[in-house]
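Below you'll find the structures, each written out as structure tokens.
Here chain A shows up in two complexes: once beside chain B, once beside chain C.
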Partner chain A sequence: MSPLFISDAELDRLRRSAAEPDLAGSRYELRGQLGRGGMATVYRAWDAVLDREVALKVLDLPEADPALAARLLREARVLAQLEHPGIVPVHDAGELPDGRAYCAMKRVEGSRLDDAARELTRTERLRLFLRICDAVAFAHSRGILHRDLKPENVMVGSFGEVLVLDWGLARIVADLPAPVPGNARDELEERNERELTRHGAVLGTPAYMPPEQSSGVVSAVDQRSDVFALGGILQFLLTDAPPSAGAEVRIDGSKALAAACSKARALSPDERYPSARELAGDIERFLDGRPLTAYRESLFERGARLFERYQTATLLVLAYLFVRTLLLLFARQ
Partner chain B sequence: MAHSPTAIDPVPRPQGFPLTRISLLGALEEADPARSRNAWDELLRAYWQPIRRYICRRWHESPEAAEDLTQSFLARAIERQTFAAFDPRQARFRTFLRLCLDRDLANVREAAARQKRGGGETHLTLDAPAIASHPVLRTAIDDDPEELFHREWLRAIFETAMERLRASASLSGREVRFALFERYELGRSSTGGPGERPTYDELALEFAIPRTQVTNHLAWARQELRRLVLEELRRHTASPAEFRDEARRALGVEVT
Partner chain C sequence: MNKAWMGLVLGGILGIFDGLTAWFTPAVRPFIVGIVIGSTFKGLIAGVLTGWFARRVNSLAWGLAFGLGIGLLLAYLVAAMPSATGEHYYWQIMLPGAIVGLIVGYATQRFGQQSADRSSRQPA
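Let's turn to the complex of A and B:
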């Protein structure tokens, strides 16, 4: 038998193949790779039972720490509690024949928010932002914090639908229905926090992470921590640049929106919007041409805003007054 | 010294104990000739091909000249106990070896240039044909010596793992699984020639087995290959941290 020689292309193919999950005997067929996270890879797979494409999130190796498998299963359970059009639905979870934990989710066609935003106007971006706030507010109403909100974790579908992804760092702060009841939930949460810390996993993304989260005080993290991250997303949508900690927010042409970003990203949770809904409320007010709770406008700004809001009516009145004046002048002559 | 320079062969695989890179380097200088020989065999098995191919691609040597240069480099390394200077706290062994190799080849070329100008020493021929004669095409990584040597090292790891997979399949009467895997992943026919990557249905037809069995055979081969590659990586890294790092780079996976 001649010694084996592997070309560059073959080497790359073997590297991919050796890392691929074993789907033999399962209902899924591998169709390609969608992306990679810290500990898992998301594949494009075909569900042969339901004849549809799914996104299959699979842990990297069965040899990896079993705590990671528990974490993936937990993410699936969290998602299962969140049936909302703005949150990616989970279809199935379990263990593949090779021992790797997996979670099958809806395959989202579209692009990440940071890519999708490039094509959009400011108003369109703000409307997308409202849908993100809506999904996050729903999760909060179910007692779940995302803790890793950022543009990369939001998908925008081809019809403008918004889906919040990657709930791997989510924290359950209120009682949930089975299968995680009462004390068992607390125990699970405590264990999960310990595991996350032990693995050195980044509990969020620095640019979008509030100080109480980066300092590791788990008990201090509440829905206002997600509000901080939402403020970062808002700032990104308005400036096309990731937010930087401590820097003054400057947004071209709108001090009111800058004030909304600053309030959402206040270092002290007490100075932030108390909820995602309240933040969304201010953005809705901006879109409607009404004053924001986060910004005290000057008389001139108020006039300009009112003019913009009632532009047609104001112009009609001005035109009417102008014509009346002209008529009066002609009548005197 | 256990060997004369001319006695070096790229031995396929020693039957001795598994060695980590650090214990192996220690064993190179062992008084016991059998243990020292084992260590050298292991080192050569791991690095002979990466060194030879690196010389081809980086130093633009023909395969034959690269073979000679590999041999002479390793012979000099044995004579001068070059690897005794390795400090795992400073760098990976692979990086250390590559730097030694580059320095050695630079010296060889300088000596050859001196000889052309009228020096008296006799050296290996260095009249190098173009890299085009080598089966591996020149790519962007050829400009990054560290990346290039890593890729050649990784190629050797995968070649060894594939050889071991072939041997273990043969021993356990699962030749068809390996043949199927090789056909699918490397696009090679049973005669070893290149070909297009077949579909599962085509494989089922070619090997006269049900489609589900194709899936199962490929899954088995992938799992075995992954296990063997990780085993090789573990053998050729000096610490658990380095192993994790290499596994991440090679397969994109996290291991503990």
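Let's turn to the complex of A and C:
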């Protein structure tokens, strides 16, 4: 009997096919792959019941650690609490016939913030940033911390809509008003923290992670930890480079924006903006040509800012004075 | 302050200032009181009309155009009246008048509140 040879390409195809989730018997049809994370893959799928395309996040292995399945389900539960235009909505969650946990979410067409930002001006980037802050502030108002904010977790849609994704590390904070009933929230949160940190692993992305989160002290993490990450996103949007810990923030042409970044990324939570809304407020003030709370400007800088803000009015007054002077000079001749 | 009031106040102030500049022209200095009163009155009319326009049309370009038009028109009406010496000062009155109109047109578009009845109206 001759040996059976399989080409590398064929082997690869078979591997991919075996890794694909078995959607037979479910309401979803597989249409392709959108992305891949550490524990799950996001597929493009068709929801045959509602006739629409969805993003289906499926755990990679059917026999995966039950904690991972619980984590995915928890992410879906967190998202279900957050109905906001800036937060990707969840449609469905459960277990596929092959035993893998899944979560069906809105299929977002667009690109990640780090890619989308390349074609935008500074003002457009700051306006996008305000929408991210708005979504995060909403989550905080519902008692939920994201804990993994970074440009890769923000999608910018084809019509400029901004969606904050990947709430897998989110934490429900007990002392903030939350829509989940008290007992259910406590139980959910307790289970979550146990699952997320049971191996002593520090969760998050180092460049955007505040010291209190990287030190692994879960109780020290509050909304100011997300403010730190937002500061990192702001710095990325203004410099096109990921933030580096401890380095002085330098932003071309604006000491005020650099000060806002520094304040958001202060090592001590007490020195940061107390909330995402406060940070957004300073960026709004910058866009409106008003002084920032994070930066004390010099007299010259104040003059330059006021001139820029009231440029037309200043030019009109100068034109008036110029014409008056000219007429007087002619009259004297 | 709503836009109409703002136009009125700004037009009045600029009108006074505009009239006072006549002091630098020795030929008309004896008539400065009449000039200041006339200029203030002109500024008030231009201001209130431009403010009224800004309450209805929210456009910087149209606000500037309206201010310019009103400023020129009123300045022309004043300049068309011969002075006590019998001379007409078209350039001296119309050029600054036009710029004052532009300033009021700009200010009423950029600043001041829409009237309460318009801003509080909600769609059914």
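In this text, the second predicted complex is superposed on the first by the 315 of 333 C-alpha atoms of A that agree within 3 Å, B and C clash if a C-alpha of one lies under 4 Å from a C-alpha of the other, contacts with A are read in each partner's own complex, and residues count from 1 in each chain.
The rule is simple: contacts are C-beta pairs under 8 Å (C-beta built on N, C-alpha and C of every residue); 3 or more make two chains touch, one makes a residue touch a chain.
Computed from a prediction, not measured in an experiment: that's the story for all the values here.
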Combined model on chain A where chain B meets chain C, clash or fit: fit
Computed vertex angle (chain A) for partners chain B and chain C, CA, steps of 10°: 150
Touched partner set for A:V323, first chain B, second chain C, both or neither: second
Contacts of A:D51 with chain B and chain C, given as first, second, both or neither: neither
Contacts of A:D270 with chain B and chain C, given as first, second, both or neither: neither
Chain B versus chain C as contact partner of A:E248, first or second or both or neither: neither
First (chain B), second (chain C), both or neither touched by A:R36: first
Which superposed partner A:D288 touches (first chain B, second chain C, both, neither): neither
Between chain B and chain C, more extensive residue contact with chain A: B
Lowest inter-chain C-alpha distance for chain C and chain B in the superposed arrangement, angstrom: 50
Doubly contacted residues of chain A, that is, touched by chain B and again by chain C: none
For the chain C and chain A complex, residues of the former touching the latter: 21, 24-25, 27, 91-92, 95-96, 99-100, 102-103, 106-107, 110
Contact footprint of chain B on chain A as seen in their complex: 1-8, 10-11, 13-15, 17-20, 22-25, 36, 38-39, 41, 60-61, 63-65, 68, 97-98
Touching residues (chain side chain A, partner chain C) in the complex: 312-313, 316-317, 319-320, 323-324, 327-328, 331
Residues of chain B that touch chain A when the two form their complex: 12, 135-137, 139, 151, 154-155, 158-159, 162-163, 166, 185-186, 192, 212, 215-216, 218-219, 222-223, 225-226, 229-230, 250-256
